[in-house]
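Shared between the two complexes below is chain A, which pairs with chain B and chain C, respectively.
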Partner chain A sequence: MSTTNDTGADIVDGILDAAASVYRFFEGRGLQTLAVFTIVSAIIPLTNPSGFEMTVITELFLFGVLALSWDLIGGQTGYPSFGNMAFFGIGAYTTAILVKSFGIAFPLAFVVAAALAVAFAAFIGIIVLRLRGGYFAIATLGVLLASQQITRNLDVTGGASGIILLQTPTAQEFYYLFLAILVLEAIVVMYLAQTRFGLVLNAIRDDEGKATAMGYNTTYYKTAAWMLAALFTGVAGGAWSLFNTFVDPITAYNTAWNVEIIAMALLGGSGTVVGPILGAFGLHGLIRMVIDTYFTGWQLVVLGAVVITTVIAMPKGIVGTIEEHASAMEYYKHGGQAAADSSDADVADPGDGTVDDSGGDSP
Partner chain B sequence: MSLEPILRTDGVTKRFGGLTAVDDVDLDVERGEIVGLIGPNGAGKSTLFNCITGSLDADEGTVTFEGQDITNWSEDGIARMGLVRMFQHTRVYGDMTVLENLLVSAAEDRGLGNTFARPSSEAEEHAHELLETIDLEGLADVRAGRMSFGQQKLLEFAMALMADPDVLLMDEPAGGINPSMLGNLIEYIRDANTDQEVTILLIEHNMDFVMEVADRINVLAHGEKIAEGTPEEIQTDERVLDAYLGRE
Partner chain C sequence: MAIEQYVVNGLLVGALFAAVAVGFALIWGVVDIINLAHGEMVMLGGFVSYWSVDLLTGTNSASLLLALATVPIAVAVIYVVGYAMQRTLVSRVTDEDMFLTLLVTFGLSIMLQQLAIRAWSADPRTVNVMFETTSLNVAGLVIPKMKLIAFVGAIVLTAALWAFLKLTRRGRAIRAVAQNPEAAQLVGIDVEHTRATTFGLSAAIAGGAGAFITMILNVQAQMGLIYTLKSFVIVVFGGIGSVPGALIGGLLLGAIEETTAGVWSSKWTLAVSFTILILLLVVKPSGLFGPAVEGDE
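Right after this comes the complex of A and B.
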């Protein structure tokens, strides 16, 4: 109960108070907000935007899907995956191969791509989801790199040179396809967040040992969350392969993108629905509109800076910080301070977003 | 009502390398009792809890719960059977709200069909009832990690009750609680015991507290059970005094 004594902190507090009010307004109005967003987004292509604008906005939707998927396992469940792009690559390659070599229609190819990504997630998840924190992160990065290497060494994937796809849908169709995937995923995640399943994921994030002691076989829940993340990431990868008209191992299993989607989720506010989407729009918008144009080649530097700044200054991200502030106001409003025992004032964690390493109680 | 104790350990032993933390402990808890488990630091009380709840595998001996051998069952399976524990270092889900902490613990919604549904109205009612009982109703929407240690302790107790346990293992419920609150805590524990028929086994260092609340007390020292009896008997037991005063 003691972090803001500085002058100037008043200003920050004022901003946070205002933001908390905005947050309270939107809290519980998720579906309405999403509906407005969907309508506005659906109208944009009718206003005759340039090809570049269409591409960038489509990419925003794509990264929204990737960041929201990452957040299912990384934010909601507390397992920071550096391997989500493996699902993307599998989805992209499956679609590309099915469409090009087997002449299968796109929609069917997406279904197969998603199924393969989910199956892969189930198989890998049972192995790597036993690890926590940094160990999990490293293991998943290993999965991503191994997948990339395997793809490079196979014939059916076209080796290092990849696959070129010529007959693809129009830009407008892609725009609506990615928008649809994003909206669908947002609805699914929004719904799940209110269910017992969503609560259990959060419980695992906060204290997995406690969740086990309360009767949850956490393996099932973690694996299900990971598979759901793989589903949407795989579908997005499938759509992206056609959108990009080209897949190769470096871009389909893109480690830089994996860092990018983590940065987006953290910046926006992991563990929320709107946070990762806002983070994706903001960060990718910044990269495409500013960095690529004026600071070409500095993209990864900016990303790194964003990750470092976010983790230090705002570990809960923008939405998470506002949410936290709203919760604090709620606490003091109800006399929480008076009710608190003076001796043990605030053992509460200081609000770091780091993954809690919760082993069993020591004997 | 069965004549068998609801919870029994029979010769439970746990070793860590050369150290025997729990040594051949027999413990009976009858249905409806409040049983205290006391002993000096390092006596093996928490380790025994861990062996009972499956977070550690016992090296020898058996644990029987409701007439069923649950030795070395999975921790989550034991909890689902109705043997729920609380932790010495209070553990709540810090980033979730107080209400969410309770809802996620609700036994009402345990079925597979409820997994992908919103918490049931029964669970919500139960949660609000408990919050009222422990006087935290106003904090329902506050992040649990923001509350004081004492409040978190009460929340953890309420979470355990949400899980509708037959037996509740409490590891130092009075530890770190404001002394003026101890009376309330005793009342909560008694209410759970009488109204909700929860059998309670609790570890406690606060002697006044445990003598007041427990029907029967078991004493551990150096991993072994050295005494068992009513609070009055324990207070005058030579072996217990020796263990606490360090006399050999």
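Right after this comes the complex of A and C.
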């Protein structure tokens, strides 16, 4: 790990060493970190940021929620969903229709939207969660596209032209709303990660057959995780429809965002709590601050490139790679023995065992 | 129009769906990759055909001979694209988890689609093949000549691929790699090259079908995903690695889509296809013509 000569590898090593130290500082201080993050975020609107800054930060929170929700099912449970945006669209449309056509106040509309998204997830989950790997991914993509097509063809949803919403809360209210959703979800996921529930999800990811053999009703656990992901995605969709003041099938069931949230979770490090949030902030920040300004119109090209590069160069994501490095350092410090066992156990590994590529057989 | 007419229209288009799906199934069976960028090969093939015609005539109209001459060009160009894709990018994750290959190919799909929009805009384009009379009348049914030719072309492409796999040495190598890559390596087959060749062939047949699709329907930068999913429906229906299954699946899907469009409304065709996809996956994920799935609860 020394930097006696300045080759590229040594520089990378140096960065990783520093990152590993930072990682070890924060390790086990999840709640404190979240508290600091919440306080800092809560203060930002008081410092008179511009409207653009407020919008971008609000979007960061939104994508944090989406990426974390995806990770719950894709990273923690190992079911790589390509259809999470279906819940988002259902939440968005339910809220929009209730507010616009029925004049229902929006807090109540969110509750109904979330309930509908969860109910939809339960129904679809029974069907698609029997599949694994590629079959599951394609089936969920099919669910997303079918939802988009059906929404486009119905009258109640305003067809292809969508619904315009005018009576919406202020930018500041949205800021705190999305922040609250994100913080709440982070607490829930952090808590679950320590409970039996979270461990069973990881067991399903690593080897569903064994988890079943150990007596766990894996269908119950994975359906619960799937519904929880739908709950937060649906609420976020509901809030977003008002925030955006407009919903239509293309944006509410956004297939580009669908990949973006997966890229965020993977880039940050799936199977962790902080990874997807960091990935969401980093990638969306990059897109809004750099690409929108300097490479207008190339966002999706860059997104595709980021997905490919992440998967090929860093399949464990940023947090996963640092975690791995931290445990390797620990290992060397103790003369190449011991220590590794304790840290090895919590190395998040989105690759191995996430999916069974042998086919769509349910265990 | 009578229902038979819709079915005939569907069967004519369905053969092209089948050809695309055979390519999709080939790469899935041999390299164990679900190529989510497969539809983009159809799109690129279509654009090769369109731009070849544009370059030679300055318009989008072509005589039948010229239009057909663009098909081998599309096949050749897209073969190279597919080969290069496997060699440079996809091979890096071939032996990893299938989820990672899905993401890489999805990333490629977005990039190709967006680059196509940047280069050629999102407008649909078509190659207009000139005939003196555009359609035949058989037993009260209208059969557009170009659709009939595209139908035959799709069958020829599929048959050629099938013959290549069955009869040539390289085809045998591909089948060997599909069965057992390690054993294939032991007997001296260059596995990486064979896989890239397979990827190239898979892309090439999609590109050739894309050229025909440009002549009978149109080519558009964002058409890819729909063809990928149609291929998936067909392969799931027919079973991976079953060429006859894919052919039947393609014809059936075409007939169902056209009948939906004719009897109900064309805006429901995609919703119906995706619903069929989900139902098929649930009922029989290994395909109606594939092996039985083991380990059902």
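Basically, the second predicted complex is superposed on the first by the 317 of 363 C-alpha atoms of A that agree within 3 Å, B and C clash if a C-alpha of one lies under 4 Å from a C-alpha of the other, contacts with A are read in each partner's own complex, and residues count from 1 in each chain.
The working rule: a residue touches a chain if its C-beta (ideal position, glycine included) is under 8 Å from a C-beta of that chain, and two chains touch if they have at least 3 such contacts.
Computed from a predicted structure; not experimentally measured.
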Touching partner for A:308 - first (chain B), second (chain C), both, neither: second
A:328 touches, of chain B and chain C: first, second, both or neither? first
Partner chain(s) touched by A:256 [first = chain B, second = chain C, both, neither]: second
Touching partner for A:297 - first (chain B), second (chain C), both, neither: second
Partner chain in contact with A:139 - chain B first, chain C second, else both or neither: second
First (chain B), second (chain C), both or neither touched by A:103: neither
Chain B versus chain C as contact partner of A:207, first or second or both or neither: first
Which of chain B and chain C A:215 touches, first, second, both or neither: first
Contact residues common to both interfaces of chain A (with chain B and with chain C): 351, 360-361, 363
Complex interface listing, chain C residues touching chain A: 32, 34, 89, 92-93, 96-100, 102-104, 106-111, 113-115, 118, 225, 229, 232, 265, 267-268, 270-271, 274-275, 277-278, 281-282, 285-286, 293-297
Residues on chain A engaged by chain B in the complex (per definition of touch): 192, 194-197, 199-200, 202-203, 205-207, 209-218, 271, 324, 327-328, 330-331, 334-336, 339-341, 343-349, 351, 358, 360-361, 363
Residue ranges of chain A touching chain C (in the complex, touch as defined): 80, 82, 127-128, 130-131, 133-135, 137-139, 141-143, 145-146, 149-150, 152-153, 255-256, 259, 262-263, 266, 297-298, 300-301, 303-308, 311-312, 315, 351-352, 354-355, 357, 359-363
In the complex with chain A, residue positions of chain B that touch it: 14, 16, 21, 44, 46-47, 50, 53, 55-56, 74-77, 79-80, 84-85, 87-89, 91-97, 100, 103-105, 109-110, 114-119, 138-139, 141-143, 145-152, 159, 163, 171, 176-178, 181
